[in-house]
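Once you scroll down, you'll see the structures, which are given as structure tokens.
Two complexes come next, and they have one chain in common, chain A, joined by chain B in the first and chain C in the second.
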Partner chain A sequence: MSINGNYFAGVDVGSLAAKSVILKDGEIFATGLVPSGVNSVESGLNALNLALESAGLKQEDLTYIVGTGYGRVSAPYANKAVTEITCHAKGANYLHPTVRTIIDMGGQDCKAIRIDQDGAVVDFAMNDKCAAGTGRFLEVMAGVFKVELKDLGAIALSATDTVPMSSTCTVFAESETISLVARGEKPENILNGIHHSIANRIAGLFSRVGIESDVFFSGGVAKNSGMKSAIEQALKVTIVKPEIDPQLIGALGAAVIARNFSKKEGLWAA
Partner chain B sequence: MSVKTLDVIRKRLEERPDELRRARENGLKVVGWVGYNVPEEIIHALGFIPVRIAIGGDDRLVEIGARYASSKTCVFIREIVGAFAENQDPYIQQTDILAFDATCLQNYRAAEVIEYFFKKDVVVLAVPRNFHLDEAKEYFAHEANEFTRLLEERAGAPLDSARLAESVALYNDIRKTLKSIYTFQASKDNVISWEEVYDLIQAGDLLDKREYLSLLTQTLDELKERQHHPVIASDDGDCRIFLSGSLIPRGDRKLIGIIRSVGGRIVGDDLWSGILPHLDLDIKEISPAGVALGYLNRTPHAALPYLDLESDRRLKKLQERLSEFKAQGVIYHTLRYCDPFTFKAKETKNVLAKSGIPLLEIHTEYAGSDYEAMKTRVEAFVEMIKIKSEIAEEQGVLVDA
Partner chain C sequence: MGKQLFRYSEANKEKFLESDNITFNDGSTVSPEEIWHYLTEEAPAKYPSAFEVNLYQGNRGSRDETLPTSLKTRYLGLTFSARMEKAKDNGKSIAFIQGGQAVDPYTAADTIALRPGLVNQWNNGLEYGNDINKENLRRKKSKEKAFHDMSFEACQTGGYEHVQAGDLRIDVIAPYTVLRCSDISYGVEAHRHGPNKNVKLLNVDYPLRFQADKPWAIEYFAKNLRRLVNTLDEVTGRKTSENDLLKAIKLHNTGRRLGTELAELWWSADVPPTNSDDRASMVSLGNLEVHGDVQASLSVLKEAKKFIAERVKNGVKGHAVADNPKRLFILGSCVGINGSRSEDAGAIVVGRDDQWSHCSSLVEEVGDPFYNLAKATLEYPYEQSIEKRAQWTIEQIKKSRADGVIFIHNWGCNTQAAISRPIVDIIKRETGIPTYIHERDLHGLRDEQEQNRVNAFVEML
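Our next item is the complex of A and B:
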């Protein structure tokens, strides 16, 4: 196995999950995904070690590491920190060069990102410090209905009707949901309403930055098929089918940037 | 190496509240003013000591303020109200009279609340909405006379024309010197930063005006000695940011600190707590109305509506200054419930986009809880600009080989 400057890693420590991607000769070689703990240094290292183990590598084998996500500020293992906005842009562009718009839905943030043909960010917007309309919110809803998070989207898609959800705050939406259940509304119809209400909020975010095809959906919530479909309807677009787990896009972008940095170290150093 | 006069100014600021206290013991009166079109020269010429009350950044005071002003009041005004409720600010403690203007209706509201709850002696200057009409100017001239009359009553003497002329001359010198200093911060190999100039401008809200002018002159001399020909140009790797939007008063350094911490360099502003009020002030006639109209004829404050984008002098001024200071991006700061600036964010962004200048809106309040989220946005914006200029230079690290 050649270990001469061929391995680059990206580590994305988000609010809910830590992700890592190792690139070898420009190909995705290994990945890791763990829940974020209270200690973000540890979470990042856990994700990185998971990828290293599956690849049979040691940290010293890595030429350059870029840290991203909320944990980027405390990532002593990384050579450089880059924001997740720049990383998601680069990751999506790397997989799908025709992508011009990205929706990243993670645990606590939702981001609308516009990029150019080089994967450079042209404009972006982020939801304002509120968990409504993010992964955390959907987790709370899965808890209310006592269903698995991974099944949430499919349940919403099986709905025969859409029960509108008026609350935009996690706390209020939870109690509103409970009263809708008590009123006899079907869970799948309520869930459908929740997904559409989130999608409409995302459409609001895009009113600030605009939309251009192709559209990519990244972050853990992109695995929710109900959310994907609701967003497609709200934005009137077709979302590109991801080639890899969309939750890894930030870490992938970080790894690509790590590779670019090591080629021209210092050029873009702040 | 830092500019030595700035240290003197910092020290003088520390001593200032005590100095004001002594001046009041000797019979002088302090007028605290809050607003955007208060003609300070009139206050000064009447023998009052003018002090601008503009503080921010303290969430605790905002909470206190919310007990008196509606929670839909902008955080700046809520903090001011909170500060009056608490009465701990050394400058608020030293004010005898308050002068407000009604440029922004929230400011006007603060005057009412402070007068009502804290029994302060408040004078208010009315400001016309349709400021560009001749009738509006006539109205404003009339209001300026009334404002002066109310202050004359409190001064116990009429406004003397010769003294007004002296005050206007002094303030004109201050504005001119500030503008010269301002050029230095944006230059290549600058010896003074925008942040330092910003603090220097705000020091003028508090210090004695004559002393302030001499300190500014000293600062300028020092700068000229160290940097003969300041040229406004980029240094390598600069990310030149222009700051616009709602005011950022003393005490609030959250956004400014974040911009610097992620590698951005502020090179200009059009903030009402910054250089903007000092620009384009042309007093054509030495009279209360003449001074007041000079104020109103500056680039108008955002609370005064321009209904037509094409004639909007604010946008034109902003664009001029962006090119003068070679800015690469605008960070547009909007305070929670500051509608005058928040409503204009989108159109400003669209207008600037046409000339290829990106704009990032940062909507915030004085709580520290959004620090990380703000930092991510500002950092991504700085990255975006840096990458853009690298790609432009065809040496982009983000372009795959």
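Our next item is the complex of A and C:
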């Protein structure tokens, strides 16, 4: 690819959403976010095209593209593929160089990531296979209470009590929730319990990798104010507030890495 | 539309034809010409899945075309099923084993010993013409049947379902119990109640762990080894003497020495002389069991050592290995990471503890061979206490100059799951090397989720 401008893109195709970020001269220039479909190539391209359209650019204008997320292996439009763990680290470091710990909660997994001052990963842990503690889990719970996913956190924050949830399995938690409702527990208190239950699972991941301030929360679930509050209580930390949609951090990191790769490969000189 | 298949290049044929024959247990040999013909004509038609160009699924196998023993281990792997069928047609006895033991007593009793992976390999090779997708579906179907017959809680179901279904002509099931593996009991119980329970069963009772310094334990286990040989004799109709076992021990010690020398030669190289898969396939020959033919393994191993020595001397780098790759040491039973995809991510696997533990443990050749074998088995570093196993592993990590350690175990493997954390904590504490623990899922999303974590670990290194 020849030098044709200072535009770098990151595309993060996750299980629930595909995201893109375009950097121009080191600054966020455009973003795109679309729901993921079954075709991950198409999902990634849709997200990228959305950002390109809003920026008034064409794909040929991009110097370098990095793909990340589970769709990164099917990203023919990308010059390189990097795991989302590395990308979230770079994205958080780009926004806040003082961040040393990242909680990333996406659609199908959650990650505890420790990074250094350069945004390089020092250690990480992930939930291995259970959907409990992920965005999908919260989706199921929103369905049980027939409320919008985006309202879940605010409802939990309005609770007057916390109903403990013993279950860590999405399917079992759903049936436990139904029985709690039948028992007369208030929905907001149950939802508060669910958020704390998830936060405790995440705390378990940090027992493996440790915590160091500042702490950053990325991924789609980071938009949930109830979850942010529950995690702050479980980990006894204050979470740094992101300036952009936290769901875009992986794509942002990928764009930062695209810029670095491009420089390393001599395609672009700052 | 047909899948694109890998083909060995004719440009390397001449050099390959100059290499040695492979000699088998029954005294027969196969020439390089015959191997070349098989790999370029017969095998791609029989097993297209093994040649399919597919970066993301399956195991692409070695593509190191200028390393003749790489092609030969490939040949032995692809002909495995046919060779087992031939062995049965010729009246050879085959035992299904489990539990991490050396196979010396089986060799002494003229019996082929196959672990679950090899039993599956035998069954997989019985069907021809499958691409990777069809092959994966077939294996998954088999696994689902095993979950039905045994339990989905068991991690290593492979093999029992084929015995129960009568797919394979296995004469005896003879695992070592209570030796690193928590799920042998699932298989044994399933077999006791299964439709094909007439296949002979013997549990070789291994004394509870950490008894290597206790004479009673060695004596007790030696008695169990005698029971094992007697049981194998009941199947074969022959009488195995102490001298037969001593001969087998000497033969296996030769393999173990060669395997150890080859591994150390590989580690001594400035640049990795082979890729991960070739390293593993050659070093594992040292246990003389992996291809179900002791002599064939030994003949390829001898030649492999010669080729690796040449590569180390000339500074040749293995096929598809990155410049300055991150060196990974893998811990845990029965599973490993995908070598080729990890190489694509900039890593190389430089060692494993499983199997290497008993490859690097020689058996005393003077005195009662049963007692000596029992003593050596009880002393396998892999089977020791957490602290002792970790210290031995640290030595191997240092010898191999590993940059990172991944402990991987199957979901349902209770023993390895329980000890993985304390072991890697000791390694981390004493070496400062980054570590990662991964629990492998049972098929399904395994490949991509697992590779994602491995790649992230490599990026971190």
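Everything that follows uses one rule, which is that the second predicted complex is superposed on the first by the 261 of 270 C-alpha atoms of A that agree within 3 Å, B and C clash if a C-alpha of one lies under 4 Å from a C-alpha of the other, contacts with A are read in each partner's own complex, and residues count from 1 in each chain.
In the analysis below, a contact is a pair of C-beta atoms (placed from the backbone, for glycine too) under 8 Å apart; a residue touches a chain by one contact, two chains touch by 3 or more.
Remember, it's a predicted structure, so these values are computed and weren't measured experimentally.
*Asks:* State whether A:261 touches chain B only (first), chain C only (second), both chains, or neither.
*Replies:* A:261 sits against chain B, while chain C stays out of touch.
*Asks:* Taking the superposition on A as described, I'd like to know which of chain B and chain C A:83 touches: first, second, both or neither.
*Replies:* After superposition on chain A, A:83 lies in contact with both partners, chain B and chain C.
*Asks:* Quick check for you: in the superposed arrangement, does A:29 touch first (chain B), second (chain C), both or neither?
*Replies:* After superposing on A, A:29 lies clear of both chain B and chain C.
*Asks:* Quick one: chain B or chain C, who's touching more of chain A?
*Replies:* Comparing touch counts on chain A for chain B and chain C gives B.
*Asks:* Could you say whether A:121 touches chain B, chain C, both of them, or neither, answering first, second, both or neither?
*Replies:* A:121 sits against chain B and chain C alike.
*Asks:* After superposition on the shared chain, which partner residues are touched by A:7: those of chain B (first), chain C (second), both, or neither?
*Replies:* Neither partner.
*Asks:* Going by the contact rule set out at the top, does A:137 touch chain B (first), chain C (second), both, or neither?
*Replies:* A:137 sits against neither chain B nor chain C.
*Asks:* Where on chain A do the contacts from chain B and from chain C line up?
*Replies:* 70, 82-86, 120-124, 126, 128-129
*Asks:* Touching chain B in the complex: which residues of chain A?
*Replies:* 70, 82-86, 90, 94, 109, 118-124, 126, 128-129, 208, 256-257, 260-261, 263-264, 267-270
*Asks:* Of all residues in chain A, which touch chain C in the complex?
*Replies:* 70, 73, 82-86, 120-124, 126, 128-129
*Asks:* Show me the residue ranges of chain B that touch chain A in the complex, using the header's touch definition.
*Replies:* 237, 262-263, 346, 358, 363, 369-370, 372-373, 376-377, 379-380, 382-384, 386-388, 390-391, 395-401
*Asks:* What part of chain C is in contact with chain A in the complex they form?
*Replies:* Of all residues in chain C, those touching chain A are 56, 411, 434, 438-439, 441, 445, 448-449, 452-453, 455-457, 459-460.
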